[in-house]
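For reference, the structure I am asking about is given below.
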C-alpha cells in the first residue's frame, strides 16, 4: 500500500490520543486528517499540548456533526472514555463501514457479553461488534489482527503481564493456581482527568497500592489466561502507583511444574520472542527497568530464580503509553493497513 | 532519670546518622556531645548537612584517638558501615563498659555465628557481643531491650515486613510456606555513598527490582520468622527501588490457614497493636501510603481480601529513616535509658 | 498564659489547613476544638488526610450553623479561599468579638482599599476590618501583631522576598528601581484544587514560568517595599513552578548604592537577623537550598557577589507551607496569645 | 552523499555519548563503527546503558591503541571530559586528517587562547586547532560549519541563552549592560560522574542555585555576546538545579532600547527564526515549558512584557541533551557531511 492513509484520532486531548499523534507525525505512510475532543473542541491541539506547536495539525472538533463518509478515512484511533466508546464506534461503522478502527478503551476487550456486564455494570451497547472485535495483543493475535476491521487494543497492565505469562501458561510450564502479579505503574496510566488524588503534591515522594482485590484489568487477565490454559484461571493482581510519568513494571511470582526450573521458563520466553522486534528477553538473572523502555514500543522481560526451590521471579517492563497503549495501537494499524509492522515505531528509548 | 544523658552519634555524615541528630535535637533529655565521621572529619556538621546550620553541635571528629572513658557517654548510636562496626563496638565497650550502644548496622542482627558467616562471607569479629546483643524490634522485644547494653537496630525492610507478619506467624494464622513479600523502598535506604546507580538521573522517572533472589535482609527475615514459627521459614522477598527519598511499602501475599479469613488476620493485628503508639492498623480494606508516615516513627498496616478465596493482601508502610532506622534507634534508647518510649518521637508525618 | 487555648482551623481539608493541624498537634498549649471543610464536611480528617489517622481530632463540619460564641474559641486559623474569607471573618468577629483570627488567605493583606479593588476586581466586603488587620510578617511587625485581633498572614512568595529585601531597602543600601526577583516554588503553593495543570503527569520532569508580568503577590510586594522605601517601588517578579512538593527559592538581583559592596549587604542582613530564631543568614557566598528548610519554620538567606561590579545575588529559601503559611500563622498565634514565639515550631528540617 | 557514513562516538558511556548513539541509531545515512569508553572499556554498551540491549552495536573499547586510519571514519563525535579532549583530537586529526570531528566538550569553544587559559587555568594543548575550530551554534554559524573539519559544539546553557539573545544584541534592540540570565537545568547537565551532591536523595524534592558569580559557561556567553554586540559584554548569569532529568529553562530579563517594546523584541525573534526548523518562537505572551521539548531537538522561545515599562521577560527552553548537546552535534554532522540538516532529528517531544 503506497498511498498515504487518512487517519483520525478521536479523543486527542487525552494522553493516549496525544501519544498516537506523536507517533503518527513520524509515520511516513499516514496523514492525520481529523482530531476530536470534547470539552476542548474548538482549540488547536497546540493549546492543549504545546509540544505540537511547531506542527501543522487539524483543529480539535467535537464528535457531533462529523460527516464520516465524506472524510474518506482509512482508520480511526478511538481514545475515548469507556462506555461512550461503544456507541461512537457503532455509529461510525454504520456510516462508514469500510473504515477500520483501533479502540484504545476497554469497551471491546472482553469477548464475553456476560463478563462485560458483570465487570462494567451494564449490558454492552454494541454486542455484535463485541463479537467481531479482535483482541489486539499483536505478538499473540497477529494474524487475526491483519484481517480484522475492529481491534480492541489491550490494557497497559494486561499487556505487561500477558507477554511473559501467556507463553508459560500455554506450554503448561507453570502452576496457574499460584500466580501473583505485583504491578507498578506511572501516573499517566490514570489519564488526564483532573482528580485530587492525581495532583503532583498527592503523588510525588510516596508510593501506595490501589484497587486491591478488585481492578477492571483483572477481567482481561482472566479472559486471556483462561484461554491460554484451556481452563479457568484467576490470578492475584495488585496495582501500585509509582511517582513517575511513564512505565509499568510487573513483578510476577510463579512456580514451575513438571520439574521445570526458572532457567527453563527463561528458555521458553527466549524461544517465543526470538524474532519479535518489540519484545526483548534479557539474559537469565537480569531484571528490567521501566526507564530503559521509556518512549519506545519495547517490552523488556527478565527471569530470575527465587531462592525457594522451583519458584521463579519474572520482571516485565514497558511504557504504558507506548506498548501499553498508543504504540501497540499503531502496531495494530500497521498490520491492518498492510504497512511494515515496525513503521513509525522505531524510536529508541529515552534514557536518562 | 531526670539528668540529661550524654549521647554520641558515630557516622554522623550519613543519612541514618543525621536522622539521629535531627531527632535527638528535639529530645528534651539528651545532649549530643560527640559526632564522628570518616572522610569528612574536621568539618562542621553544617558543612555536610546544611539543615543543621542554625544549631550548635560538636564538630565531626575521626573515630581514632577518642578518649571514650573521659567523655562520660551514656549511650552511643553507631551508624557506621557493616563489618567495621563490630570492631569499633568491641573496642568501645572494652574501654567504657558502662556505656550503652544502639547499633544501626547489620553487624549484630544475626544471633547465629554460622548464619552470619554464610551471609557476610567472614567470621564475626566480636562473637561474644553477637551473643549479648538484643534484636531491637521494640514492639516484639521491648522487655529484653530495657535490660540490654547492646541493641541491634533492625533493618528497614525487615521492620516493615515483621511488624505485620510476626503476629500472624506466631498465632499460626497463615501458611508460612507461601509468603511473598514484594517490597518497595525509597532511595535513602541505599545510603549516601556516591555510586553511579544512585545518581538522580539514573533513579528518577523509573522503577526496577534489585537483589532478586538474594538480599542480605533475607537473613534477618529468616531468623525472626523461624523464631516466630518455631521451625525454619523461608519467604520470597523482592526489593524494588522507588524514585522517592523516604518510605518503604511492603505488599505481602499470604494464605490464611484453619479457615481464617482476611478479616481474621486483620483482627489479630488490631488486637496485637491496640496499645502501640507507633504501629497503626488501618480499617479493614484500607491500604497504607508511604507518604502518610513520612518523617514520623509510625508504621501503617492495612489488610485486604484477595479475590482468591482464603488469600489476603497486606500492606505495611514506614519511613525507612525513622521507624526503619533512626526513629526506632531513639525508641530503643528511650527504653535503655528509662525515658518514656515516645520521647522525641512525637513528630506528625509531613504530608504533602 | 498557662491555660490551654481553644483553637479552630477553618478549611482543614486544604494543605495550609492540614499543615496548621500538623503543627498544632505538637503545640503543648493548644487544643483543636473545631475543624471545618466545605465539600468534605461530614468526613473525619483522617479520610481526607490519612496521616492523621492515629490522632483523635474533631470531625470536619461545615461553616454554616456553627455557634461561634458557644465554642469559647481563643483563636481561629482561617485557611479558606480568597474572597469568601472576608465575609466569614466579618461574621465571625461580629458574633464572637473577643476571638482572635489569623487569616491565611490574601483577603486582608492589602491595607489600601483601592489597591485591593484594583488587584482583586471587586470592592472589599469588610473594609473596616481591612483597616484593623495587621500584616503578619513577624520579624518586621512583631509588636503590632502582639496587640492585634486580626492578623493577615503574608503570602509565601512575599515572605521569601521580603525577609532579605526589606532590611536592605529600609537602610537605603540598594537601588530600588533595579530589583529582579526570580522566584521558584514547589507545587503545594498552588493548593489542593483538582486542576489539569496541577496533575503529577503535567508537572513532573519539567519546569516553567507562569503569571509572567502579572501575579497577585506583586500587590503585596509593592505595598511592603514601598512602605520600606518611603516611596513607590515596583519590582520585576517572575514565579516558576518546580517539580517538588515544598519549598520556595527566590533568586534576587540587586545593585548596591553608595558604594556598598555585596559584603555590606550581607553584613546588614547578618545584623538584622542576629537574634531571630527563624531567619538564618548563611556565611557570605553560600547559597540556600529549599531542601534544608523543608518542614521547618526556617528561612535561609545567602548573599553572593555577582561578577558585575556592584551587583549582588541574594538567595532566600523557605518552606512555603511552614514559614510561608502555617508555620508563620502559628508564630503569629504565639504572639497574639502570649506564648513563647517558637512554641510548637521547633521541628528540624527534614532532609533528605 | 548516498553512501553510509562511518561514525565513532568517543566517550559512549556518558550521557551525551549515549544520546548520540540514540539519535544515530535512527539516522538512515550513518553506521556506528566505533564506541569508546575509559573505565568501562571491554563491556558491551548494553551493560552500561541497558536501553540499547535490543540493538547490535560495537563493544566499548579504550581510546588507546585504536588504529584510526584503518577504521576509515568519516566523522567522530568526541564526548570526552574537558582537557583530555584537546590531546585526543590533536592526535586523531594528525593520524587521520581527512576525518571530521564534532567535539561536545568545552575545549574548543573559546577562540581566544588567553580567555581559555584564564577560565581553564592552563594553556591550550592544541592552539592551532583552537583557531581552526568553528563554534557550532547552527542557526548562527551554519555556513562556517558546512566547510569546517572541527566543530566545537556549544554548551547547553549557552545555546539556550544565545538563541534568543544574539539576534536582539545584533540588532541593537536591547541594553547589553542590563541582561540578567536566570537559568535552571535538569540533572543530566551534570553528567554521569558519581558524586555525592548528584545522588537522587540529595537532588530530589529541592531546588538551589550553584556556581553563583562564577561558572565556566560565562566565558562562552561573553565571547558570543561580545561578538554580536561588537564590544565587550558581560551578563549576569545564575545557574540552578531542577529535580528533573532533562531540560533547561532560561528566564532572561532585558530592557529594550530606542523605544523598543517587548512586542518589538518578539517580532525580531519571529523574523529571525521564521524558517528555522529547530527554533520555535511562541505567540507573544506565552512562555515555554521544558517538558514540551523533552527528547526533541527543538528550542521554544517566549517573550512577555514585564509590568515595568520598557522591560521584557524572555523564556527559552530546550533539552540539554539534545539541542543542548547531542542533537545539535548531529545537526552539525549533517551539515558537515552534506546530509539534510534535520535527518535523524525528527523526534517529536515526549510529553508527558
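Remarks
As written, the chains take the letters A, B, C and D, and residue 1 is the first residue of each chain.
Note that in this section contacts are C-beta pairs under 8 Å (C-beta built on N, C-alpha and C of every residue); 3 or more make two chains touch, one makes a residue touch a chain.
Because the structure is a prediction, the values reported are computed rather than measured.
Two chain pairs, A-C and A-D, are weighed by contacting C-beta pairs, with A-D ahead.
Of all the chains, the one whose CA centre sits at the greatest distance from that of chain C is A. With centres defined as mean CA coordinates, chain D is found 36 Å away from chain A.
Centres computed as Cα averages put chain A at a distance of 45 Å from chain C.
Among all residues of chain B, those that touch two or more other chains are 15, 186, 188, 201-202, 204-205, 243-246, 288-289, 291-292, 294, 351-352. Residues of chain D touching chain A in their complex: 15, 18, 22, 25-26, 49-55, 188, 204-205, 245-246, 277, 280, 282, 286, 288-289, 291-296, 298, 300, 321, 346-352. Residues 15, 186-188, 192, 194-196, 198-205, 243-245 of chain B are the ones that touch chain D when the two sit in their complex. The residues of chain C lying in touch with chain D in their complex are 180, 182, 184, 186, 201-202, 204-210, 212-214, 218, 234, 236, 238, 240, 242-247, 249, 251, 253, 285, 287-292, 294, 304-308, 311, 313, 315, 317, 351-352.
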